[in-house]
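Structures follow.
Common to both upcoming complexes is chain A, partnered first by chain B, then by chain C.
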Partner chain A sequence: MNEAKLIDELRDKFGESVGITELMGQNEIIVTVEKEKVVEIAQFLKDTYALNYVISVSGVDYPEENKFLVVYHVSSMSENGHLPLVLALKVSVDRQNPSTPSLISIWRSAEWHERETWELFGIEFNGHPKLERLLLHDEWEEENPNNQFPLRKDFLLED
Partner chain B sequence: MDTVGNAFVGRLRSVVEKVVNGLKPIRYLVNWSRLYSLWPVHLTTACCSVEFGAASCPRFDVERMGMLPIGSLRQCDLIIIEGTVTKKMAKRVKKIYSQMASPRYVVAMGACSISGGLFYNSYNIIKSVDEILPVDIYVPGCPPRPEALANGIMMLQDKIRKKQVNIVKGE
Partner chain C sequence: MSPLYFSVGPQHSGSGHLRMKIELQGDIILNAEPDPGFVHRGTEKIAETREYQQNVPMIERQCLPDVSSVSLAYAMAIEELLGIEIPPRAQFIRIIMCELSRIMSHLYWLSIMGIFLGHSTMFMWPFGDRDIFIDIAEKITGSRVSYTYIVPGGIRYDLPDKIKEQTIKTLDYFQGRLKEYDAIFLSNPIFERRTKGVGVLSQTDAINLGVTGPTLRGSGVRGDIRKGIPYSSYDQLDLEIPVFTEGDSYARSMVRFKEMEISSSIIRHALDNLPDGDFAVKTRKKVPEGEALSRVEAARGELACYIMSDGTSKPYRLKMSTPSFRNLPGFSLMKGSMLADMPTIYWSLDYWPPDADR
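Moving on, here comes the complex of A and B:
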């Protein structure tokens, strides 16, 4: 597969919604997109390039820039096996009111990943059917009434 | 009926304890039988279990000293806490400990189970297993080498050898 072609095609089709793109080595692409268009872009990637397998969904906190990044690492499970291409789809989310559309309708396997990201960063995934506690222990709310999200940079750890 | 039975067994227990602890050869025999049949629960909380695995395998072979990992925790009398215990896991560890047969012993293996180790300021671990279990032996290291674990087992055996025999009421 031609990685540069994929980026060109994305730019042609979605124009301004596709932000910074990077080619990392031979098989890695990073694409930053606006959250308004992320569902369409994901659908396009799945339909056209058979990127049908979510490796991970993670959050990254940038307090200085006042934003979160939600990073979907997606790859492909074709009939011939696991294609070497890995695409990182980055969605920028406002830090004050963090919410982004859920991509479960396209990649079903992102459900628990999104739930985890919601739990640890407090990023709302609109359209997610079950945003409930997944990994933290049951007494979490009682122990941390104010500071709810442990992977944010401003979460206070003990000395 | 229950109270009568309990009262009888209770008195019997104290009588047996007195006899066993009074007669040195019998106490020795009881302790001896206990110290060479330490069966640890197969409970893997973190990465120290790799060293535990190495210790149980032929190269280091702690079975020579009388420790044999066994399948059923109802037959076990030793629990080795292999590394970090998260707050979620702590409840399960407690539950497993309470299901083991008495007399039961606890070995805290690795820095994490002793003092929190690498994750001492994390939001979801307990700092030390002695918050939830009565620890007999601490084996420090990150992770401890299999020899260190074997040494810990031998220290535990020393401890058992010197113990008074208690016939503990089952829970």
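Moving on, here comes the complex of A and C:
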């Protein structure tokens, strides 16, 4: 697969809503997109470049820039196994009102990853059918009234 | 008759603390949902407060039967950020450790599969044989279970004297034992009847649900990172990928069984071709700003480690996307099965709760 072609085509088709794209290492492309366009772009990547297999979904907190990043690492899987290309699709989410469309209608394999990110970062995934407690215990909210989201940077660990 | 709702777990059922919420009609499972998190320790958060090197012993404890793969994924991500090349000798020793880990992990799995089917000999044999591999690991690393041996930059010590002889002797014995396992258990009609056609996962579903490892390869997908995207010199070794197309508990079990044989020959091959030279390179405490994703084929499947660095000596964000977590959708295979088939479906996924909960 031609990585440069993928980037060109994304820029042609989606213009401004595709932000920084860069090549990392041999097989990794980073694409930053606006959340309004993320569903459309994800669908395009799946249909055109067979990116059908989610490796991980990670939240990253940037309190100084008042944003979260949600990073979808997606790759291609077929009967013959893995293809080397990994695309990191980054969605920037406002920290005050964190929500972004869920991508599980396109990538079903993102379901549990999004649920985890919802729980640990407090990012709402609109359209996700089951945003419920996953790793933390049921009393977590009562025990941590001030900050419920452990992976946010302002959640401090006690010594 | 209205359905019966009940929990299985979170008591230790042979594999750690997981609860399954089961909805049962008569003898048929209407719905089965995993409820993980009982052993969540927040390692990703704690990792942000410690230096890169300090994290190794903590991170690898997420999957005690298979610590080498975890520390390898973590080390590889850091090495990518540092832009350092690992000496060939260290790469080969890493392979040897990972394949030893894979064998030990699969032996553990086989034991529990035995006890889940009421076959107590199959519980005893692999557990006993696992110990002679633990002895090798102890000789190499100084520890029996959690080694902290694969570290950023290489490995901690070179191989000790006479380890090759001991390993070959062990493998000779072990490969003979595999035939006995096959005769007493894997080819046993009772095992076949309890697992064939049970918990079938189609090829399309396997890819769409994002499952990984033997669960994927049991559904007819040739998905193995060691072959697809070779790392740490795996491309220099002969590597056969067992694939079964049935997608049932039997297929997933046979993938693991065949892998033990293949891992044994990889270890032999690596020992015969072990390069000379250094076993580690110097690393820096501070890791340059940037991000890296490493992918490793652990015993349970693909383990991806994503590190975001802000240029300090501690990770800004560490994410471990673990095989057990990614195999969670596999629990839906229990729907429509008999309750008595639940243990074999559950264990055919080789789900390891701390690996999923982190």
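Brief remarks follow.
Definition applied: the second predicted complex is superposed on the first by the 159 of 159 C-alpha atoms of A that agree within 3 Å, B and C clash if a C-alpha of one lies under 4 Å from a C-alpha of the other, contacts with A are read in each partner's own complex, and residues count from 1 in each chain.
Keep in mind that, in the parts below, a contact is a pair of C-beta atoms (placed from the backbone, for glycine too) under 8 Å apart; a residue touches a chain by one contact, two chains touch by 3 or more.
It should be emphasised that the depicted structure is a prediction, and the values quoted were computed from it without experimental measurement.
Once chain A of one complex is fitted onto chain A of the other, the partner contacts of A:Ser58 are limited to chain C, with no touch recorded for chain B. Look at A:Leu136: by the touch rule set out above, it reaches both chain B and chain C. A simple residue count on chain A separates chain B from chain C, and the partner touching more is C. By the touch criterion defined above, A:His73 reaches chain C but does not reach chain B. Once chain A of one complex is fitted onto chain A of the other, the partner contacts of A:Glu158 are limited to chain B, with no touch recorded for chain C. Once the two complexes are overlaid on the shared chain, A:Pro150 sits against chain B and chain C alike. Using the contact criterion defined above for the overlaid structures, shared-chain residue A:His113 touches chain C, although it does not reach chain B. When both complexes are aligned on chain A by C-alpha atoms, chain A residues 136-137, 150, 155, 157 touch chain B in the first and chain C in the second. Across the interface of their complex, chain A is touched by residues 86-88, 120-124 of chain B.
Interface residues of chain A facing chain C in the complex, by the touch rule stated above, are 24-25, 27-28, 30, 52-56, 58, 60-61, 71, 73, 77-84, 86, 88, 107-113, 116, 133-137, 150-151, 155, 157. Those residues of chain A that touch chain B in the complex are listed here as 136-137, 139, 144, 150, 155, 157-159. Those residues of chain C lying in contact with chain A across their complex are 36-37, 40, 42, 44-46, 49, 80, 203, 207-210, 220-225, 227-229, 241, 290-293, 295, 302, 304, 306, 308, 316-317, 319, 321, 325-326, 328-329, 357-358.
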